[in-house]
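Chains: A, B and C, in written order; residue numbering restarts at 1 for each.
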Amino acid sequence: MSDYNFAYLDEQTKRMIRRAILKGLAIPGYQVPFASREMPMPYGWGTGGVQVSAAVLTPDDTFKVIDQGADDTTNAVSIRRFFQKTAGVAVTEATAEASVIQTRHRIPEQDLRSDQILVYQVPIPEPLRFLEPSEVETRKMHGLEEYGLMHVKLYEDISQHGDIATAYAYPVKVEGRYMMDPSPIPKFDNPKLEMAGIQLFGAGREQRIYALPPYTKVVSLDFEDYPFQPTKADHACDLCGSEVSYLDELIVDDQGGRMFMCSDTDYCATRRRQGHVGTQGLPHKEDAA
Amino acid sequence: MHCANRRIGRREINANAHDLWQLPNGIGSDHDRWSGCGPCRPREIIALRRNTLGYVSQFLRVVPRVSTLDVVSEPLLTTGTPCTQALETAQELLARLNISERLWSLSPTTFSGGEQQRVNIARGFAYPYPALLLDEPTASLDPKNRAIVLAMITEAKARGAAIIGIFHDAAARDEVCDRQLDVGQFTPGTMV
Amino acid sequence: MTPLLQVENVAKFYGARIGCTDVSFNLYPGEVMGVVGESGSGKSTLLNCLAGHLVPDRGAVRFDTRAEGLRDTITMSEPERRMLGRTDWAFVHQHARDGLRMNVSAGGNVGERLMAVNARHYGKIRASAIDWLGRVEITEDWIDDRPTAFSGGMQQRLQIARNLVTGPRLVFMDEPTGGLDVSVQARLLDLLRGLVREIGLSAIIVTHDLAVVRLLADRLMVMKDGHVIEAGLTDQVLDDPQHAYTQLLVSSVLQV
């Protein structure tokens, strides 16, 4: 048992955050303001996600953290240890075993179940911010459902790059009403936003929480003549051979050698354990991991 | 002095308007409306100016840097004439009034007084208004162009236009006018 | 004939100060009305009240809406008023950067109003943008450049294209030629005149430049200290000013 209150935040704060979460779930895609607290980490490192996680964690939960799909990066490891220490919850790297997953920039490849919660870290919750700097104005635009501006961003993409070049934080419309920034996940993940699990989005610095209840209708914006297309590198994973997962590109030497590998490390490792091998991968050995 | 004259002139027009002009479909055709030509009925006057009442003033007032051809064809475009046809008419008029073709693409603001006067006349006569107001149309013209302008006035009369003109030029007055009115009697100072 | 805009006793106060007061007029389709007066005379306040940017303290501003005829734009709901602002109304600011999105390309600027009324076909939006840039004499090869790369005159023409692309019926202009050099002004005036003629626009132009109103406006209102002191046909007011202040204004114009 640690000296901290369960999951670091005091009970009143957690209650306040839970109220914001409930409101967010009641109005899918709507950004609920909340009194974001100072956390023992810098803004931009996931303070919003951590506060949401702290508010939803119970002692029985199993917690998983991914950063760009990986369980073993600094940020993921620190946050996982943070809750291990302050909440004493069980942690895991296996998607299927986790009940609460905090994520930065990815949705796990494996489909989530209705008893799982996905918590996103959000840097800029306002999808209209790119074009309209005034918060007063963007709130009014949400209130009156004036979303023409969002298409201006996509128009700019096509005119500058010949195609919708927005590859992450691709704007979506939720239940035919609110325009929402799905956080900087690749647009490859956008179709997965309609899922069985509960999705909660926390922006610490911007003090906003929003949410998607299970199976909420989420539509990615597009033009009639430039339909939305989830994209990934046209390659298979060099480690596990998967052709359907989202890939990271890795430069491996000074001669331009490179390899592609799943960004979701748990997904990749699970496949390799099952015996799948990519072109540069070695057969999985239990002790090598 | 100039101002006073104008005001007298306006009163005179009010008095004579309804017996001189046959206006289409009730636009200002009753005397009550006409005498209220102040700000109360601007819409009717604007419509009247656009489609019915042409005006050739002594002063050329145009958007700077717009070509002479465009200046002359503007009244036609405003009244819905297709562009090519409007330009053709403008060319014919400018040629007839001896504005040399090399000037057509220039702005008339750079022209001499006589040239500006002729551009103004071309503009005023471009659209066949049923009624015309001419303010000293021959004032700064040489005899040859004066004759052309008088011919144009005669032609306008022939097609049925009602014209009120101010002429200091007695010979021109006698040549084109059916009725004459000496406004000298209205001039302040001579009233007594 | 129904007026396009019916203004009745509009008044706006800033505390005890008068912004503008007792302003009434009817504007009919196809008419261009000039509002002149010195700085602080209330002409911009009036324009902002008419365009829905300021809420007048008194009076009514009725606009002939397509669906329901004359409606008071002051008492209508904000979404309705903003909808008008995107469709039937246009507002041309004195400083183009107030009316443009400076970090969006010319094409995006023109297309925004189309997308705001649910145009969702990129090719068609772009085609309209090219068409309108052409009408304001900006060649197609500028379409993907940002307005920051444009000269002042081009920015102003882009602002006009952006405003007119949805075919508004009433345009509010606040000193549209202010701050531009004279040759650019001339071109802009010619352009505005042509557009008014071709698409039968109605416009209310606020300016302190009498030459601009003489060339553009059919009618004129002269304002001083928040009051309309003289109104009438433009040439009547300018050639035969009745009010001492108007006479002063007309006689103050520099002759070239």
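Rule of thumb we're sticking to: a contact is a pair of C-beta atoms (placed from the backbone, for glycine too) under 8 Å apart; a residue touches a chain by one contact, two chains touch by 3 or more.
Just so it is clear, the structure is predicted and the values come from calculations on it, not from any experiment.
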Inset, instruction - Select the category (line, ring, star, complete, other) that matches the graph of chains linked by touching. - result: line
Inset, instruction - Identify the chain whose mean C-alpha position lies nearest to the mean of all protein C-alpha atoms shown. - result: C
Legend entry - Inter-centroid spacing, chain B versus chain A (mean Cα positions, whole Å): 75
Legend entry - Whole-Å gap between the CA centroids of chain A and chain C: 46
Legend entry - chain B-chain C separation of Cα centroids, rounded to whole Å: 31
Inset, instruction - Spell out the residues on chain C that touch chain B in their complex, using ranges where they run on. - result: 1, 26, 28, 31, 182-183, 186-187, 189-190, 193, 197, 214-215, 218-219, 231-233, 236, 239-240
Legend entry - chain C contact footprint on chain B (complex, rising order): 3, 6-7, 38-39, 42-43, 45-46, 61-66, 70, 74, 77-78
Inset, instruction - Within their complex, state which residues of chain A touch chain C. - result: 131, 144, 146, 148-149, 151-152, 155-156, 158-160, 223-226
Inset, instruction - Going by the contact rule at the top, pick out the chain C residues touching chain A in the complex. - result: 78-79, 82, 86, 101, 103-105, 107-108, 111-113, 115-118, 120-123, 125-126, 143-144
